[in-house]
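You will see two complexes here that share subunit A, one where it goes with subunit B and one where it goes with subunit C.
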Partner chain A sequence: MPIRLIFRNLVRHKLRTALTVGSLAIAVFLLCVLRALVVSLDAGVRNSTSDRLIVQSAVSLFVNLPASYVGKLKAVEGVDSVARLQWFGGYYQDPSSFFGQFGVDPEKFLGMYPEFKIVEGSRERFLTERTACIIGRQTADRYGFKVGDTVPIIGTIFQRLDGSPWEFQVAGIYELESIVWDETTIFFPFEYLEESLKGGAASGPPGSGVIYIHLAEGVNPVNIAAEVDGLFENGPQRVQTTTEAEFNAQFVSMVGNIPFFVTTIGGGVLAAILLAVINTMLLAGREQRHDMGVLKALGFSDWAVFGVMLGQGVLLCVVGGGLGIGLAQLSSPEIAKLLGTMFPGFEMTSEILTNACTLSLGIGLLSGALPAAATRKLLAVDAFRRGA
Partner chain B sequence: MQLVPFSYNLRSLLVRRSTTLLTVVSIGATVAVISGVQALQQGFVTIFEKGGRTDVAVFLRPGATTENQSGFTRSSADILLKSIPEIALTDDGRPMSSAENYMAVRLFKIGGGETNVPVRGVQPMTMTIRADDLQILEGRTFQPGADEIIVGENLTRRIRGCQVGEVIRLNTVPFTVVGTFTDEGTFSSEIWGDLERMGDALQRSVYNRVIGVLRPDVDVPALIEAQENHPQVPAKVMTEADYLISQTGVISATLLGLGAFLAVIMGIAAVFTTTTTMQAALAARTHEIGILACLGFRPISILLSFLFESLVLGVLGGLVGILLTLPLNGIETGTTNMITFTEVAFAFRITPQVLGTAIVFSIMLGLLGGAIPAFRAARMTAVEALRRG
Partner chain C sequence: MSSTTATRTVVDLKDVTRAYSRGGERLVVLDALDFNIDEGERVAIMGPSGSGKTTLLNLIGGLDKPESGSVRVAGEELMDLTPPELARWRAGNVGIVFQGFNLIPVLSAQENVELPLLLAPLSRSERRAHAAHALELVGLADRASHRPGQLSGGQEQRVAIARAIVSDPTLILADEPTGDLDRASADSVMALLARLNEELGKTVIIVTHDPLAAASAQRSVHLDKGRWKSDGEGA
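Here is the complex of A and B:
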């Protein structure tokens, strides 16, 4: 098979080849990004561990659990430690610059989340100082917060009576070993919030939104979850205890049909590019009709001619797809930054890139095979007679 | 200036029908994606815009941006309910204002999974205020003081236990569904019941917001300012229309951003495709261009002729795209408002704006895609074209 002809033919129409490779690169890039969006939604579910349970109100996300529940949960056999978490729901400077803030029991929380690595500043300060906080890497970079800075957060659910913003001192910046949470959230001591409410410095609902349980080794999470649910079946607040994976999955399904929505867009992109490449290859096939007739007359086999046509399609798609994949890979840190809090687990996984490779190859084979099949059956005589 | 007859272009497109078809459908897929995203955004915005009344004021706690963040004690709410002169009166002289509570309650979807459904406790006056907006579809409305609820129409198809006669348990209290209702706005995704019964069941002693019908001649900005600095009960006041629009910001902006991003990226790819097709048309018709030039057609006419052909490709693509998107119109979907964490159901809407954007977009694709080949065609001299062809 005259392999050089594959290159020669592609180089013959530089503009067309460039445009087709360009649109392929764009489409493959887009498909990778869309796929990464869907995959990122599940990051918190995939990285969950089975030794953490989450207790929340069975009624509503916005109903807090009474303070007395903490002690009752600690007493359950198989429970290693218990940490309270409270969604703070405030904002920094402007409601549109959104990132999550939680009041937590610092020591218990970090104890059950070894995934949190304090990479700058002091873990000790966070554990001991009342108004200290730790900030995720993404939020720290986005707003330029440094260790020692004071971060003013304007309360919405919890408001200070004097009207001033809440102030937290950055004790440390954390990164995550696996995306089980996100790197945008601020954590501060729950006790600070609790004291402010009790002391009358601030207003807002008492209690904590959820309680995290860390299980002792070898305990069956399902049994404990059932036991905890049973404990509060008759109120005052019924609870729902779930594994971390289920809890995170609730939030994913809440967003609605994003996976379906994004996959549909991806289907549109794929259809557009597939047709475009097929078009290019059919044009190429028509133009090379005469040449292929010559090859056949010179004695090249039908399959050699088939290979030349198919090879062009494949090469086109391998180059275009490769560029797209490279672009997706290179730009993914920037895109992750841009998406910030909306898709905290955005990551270009090797699985996505591998799938993109397969897809590009598939488009190449399909688009090359159409003109190649026609060319294979072509008789040299016909090619000369009807050739362009 | 003599233009090349349009029929020449149309016939040329017809002769190369497989290429024309592939290009048109490829552009169509691009247009369909962009239109689909925009139809989603339009549907989302419509539901918030339609429901909002400009003659209804919403009172929230200062600093709160949504009603679930807001809260008034009973005594503050009472002051708001009774002592605001800007609020209209009923025929028997009572102020047309009402306190409401609001909470996202965990309920099960019909297809499996959980979601957060907004539950609203209202006072009888709310039903008077909403008399024209809300229509009971089935059953009747709830009795004040009873453990009864009415369910928005959108929920009956999505959430378990929402048929008339069924029972929904809020915390430990069972509530009977006695009716379903519809409304043009977001209320159709809510459950309504008696304020005090809801408050008891959900253990909420505070009210979330107060609403009131404004007198026709009220100076709204003045009221907003006066209430902000009110000595007893400072409150944030908005018209209901403004309140609802402020709720759409993030999702609407996200969808518009996504649409724009896709339009640029996929648009570039579509322009490349069109250029490829037109370039091939040019290559195949070099001889014909030579003949046109010999017949005396000016380069500008040849340029316009090729641009027109490409424009036709674009517009046909746009039409295919619209045809592909049309079946979406009315399809219902839901998303969670990430500020209130409640689910809102809404439908895709193919509005004139969506159609307009699709047409303009496809015209642009056609013109940009045809530019290079048209320019090249116009630059050919008759002799060169005839020889090369």
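Here is the complex of A and C:
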């Protein structure tokens, strides 16, 4: 019966309750999405491993490293393998259809990234064919690319001299076991690019943008990074070697204060909804003052009526929060598609949803506790005197 | 204040004073009052507005505490009880009928009547059976599923009486039970209270302005400015 009383009191003003539940649902949904955005920005950093180092020019990420560096890096003790990586910067059909493309050393790159799983097509084909490529699941789904298709990419940094687009054959589609990269990028053999440049079929800067190092087991990454930096101290191109986590963190910092900005908006949303729900519950408390007096006159304890009021706040927020959480979970695949390459690691994690549950419960407890505390202290005679 | 026929004293108030502070002024509502009611009595407390009738009823029902004096009801000294003990005592010993009915508007008549039984160790089916029986006693078995807003004033007051008697209390306290009712409904409610007193042996205390209502009591007493004016047999 108290549960029924809690429920019936909640639906006493259907419109008000519906509006409050709706506000809560939207606020919790927004909080989940905002949190997922922040988490996605950070996903690459969190999932980084310490056995991968990235060597880049000490001047700028946009200055390429000489091809000769690869051999020197391989010779460093503790280095297991080395892979070149070159940002290609082209586009498919239209400049607005953006997704990343990288030239890589296929075998070395996939070897140091076991997180990449070729779920369709052939890994072997990617490793052996000059113009083969692998495509992330999201991009494949977005543009309908299938294994065997030819993907024409119009170069911007690297342009073919005959004016034609670069053509890559889809050898496979990959998915990631953990978010160490994203599922939107196309990887193709670096050699294809290198040969085109050397053969005069294309123009663009020589060398590779960065070089990835995979360390042997048990090697201290900090020592190797220092050794590599020292190796090229006198040029021809000074380098900066970082762990994968530090490297990825650079990109997060490049987007400025987005995490702070998004978190601040989330805080604002939270504060606003908390005040709105408290207001609703205070109104409910005032309206039910007389009824609570009746319960006390009938012999219900102070804590029992406290529970009836608190229960209303909790139920209100659990329903509203639950709707918001459900909406966030159901819509997250679509949101991820909409965000596309901007937030490639966007995911509604169980941690976000659990936190949203806790938050909803917290708002419910807090908003219910204020009128509940006033009701607990209320004397039945006062309730009848003032509320009659 | 003496009993006439019953042997056991149910209400025993001694030297009870209750005062309020209003605007820095001390307002004495009950002034060193003594009052006894025996088991099975039906007593009407009358008096003008502000005479202290409702305050007296609240003290007897354990809803309020006096400034000084002793309030012994159904064998318990209420001054000695803590608020939780008082709530438990009230649930087991007192049924209260209010002028404004004070039914919970979001619950049906059946659910309103069941409310006091939630405090008793009864199963759901037992609670439903007791509530249905109480509604039958007040002639509203066919209105069990109606909410208060769907009932007339007289019917609401009868539901309130059913709620007051459902837990089989020693005392029924009725504060202006006919105040908001037309004559016919008021007569029906007073007849019902008389029946509960005569057939079920409940001790009934009625606070009222209505001389006709008071006339149905076995004894009526009059309060004025917190003191007794007279005490005599009702009609």
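Please note the rule applied: the second predicted complex is superposed on the first by the 384 of 388 C-alpha atoms of A that agree within 3 Å, B and C clash if a C-alpha of one lies under 4 Å from a C-alpha of the other, contacts with A are read in each partner's own complex, and residues count from 1 in each chain.
Here, a contact is a pair of C-beta atoms (placed from the backbone, for glycine too) under 8 Å apart; a residue touches a chain by one contact, two chains touch by 3 or more.
Since the structure is predicted, the reported quantities are computational estimates derived from the model, not experimental observations.
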- request: Identify the partner contact of A:Arg4: answer first if only subunit B is touched, second if only subunit C is, both if each is, neither if none is.
  value: second
Message: Under the stated touch criterion, which partner chain does A:Thr280 make contact with: subunit B (first), subunit C (second), both, or neither?
response: first
Message: Quick one: is A:Ser350 in contact with subunit B, with subunit C, with both, or with neither? Answer first, second, both or neither.
response: neither
Field: Contacts of A:Phe300 with subunit B and subunit C, given as first, second, both or neither
entry: second
- prompt: Quick one: subunit B or subunit C, who's touching more of subunit A?
  reply: B
Message: After the superposition on A, what does A:Phe384 contact: first (subunit B), second (subunit C), both or neither?
response: second
Query: subunit A residues touched by both subunit B and subunit C?
result: 388
Query: Can you name the residues of subunit B that touch subunit A in the complex?
result: 18-19, 22-23, 25-27, 29-30, 32-33, 36-37, 40, 61, 63-65, 68-69, 103-106, 113-116, 170-172, 202-203, 249-250, 254, 262, 265-266, 268-270, 272-273, 275-277, 279-280, 283-284, 333-336, 338, 341, 343, 372
Field: subunit A residues touching subunit C - in the complex, by the definition given at the top
entry: 1-2, 4-5, 8-9, 11-12, 290-291, 293-302, 379-381, 384, 388
- prompt: What residues on subunit C touch subunit A, complex-wise?
  reply: 58, 61, 63-64, 83-84, 87-92, 94, 96, 98, 100, 102-107, 111, 114-116, 118-119, 163
- request: Under the touch definition given earlier, write down the residues of subunit A that touch subunit B in their complex.
  value: 13, 15-16, 19-20, 22-23, 26-27, 29-30, 57-63, 89, 95-96, 98, 154-157, 159, 234-238, 240, 250, 253-257, 261, 264-265, 268-269, 271-273, 275-276, 278-280, 282-283, 287, 342, 388
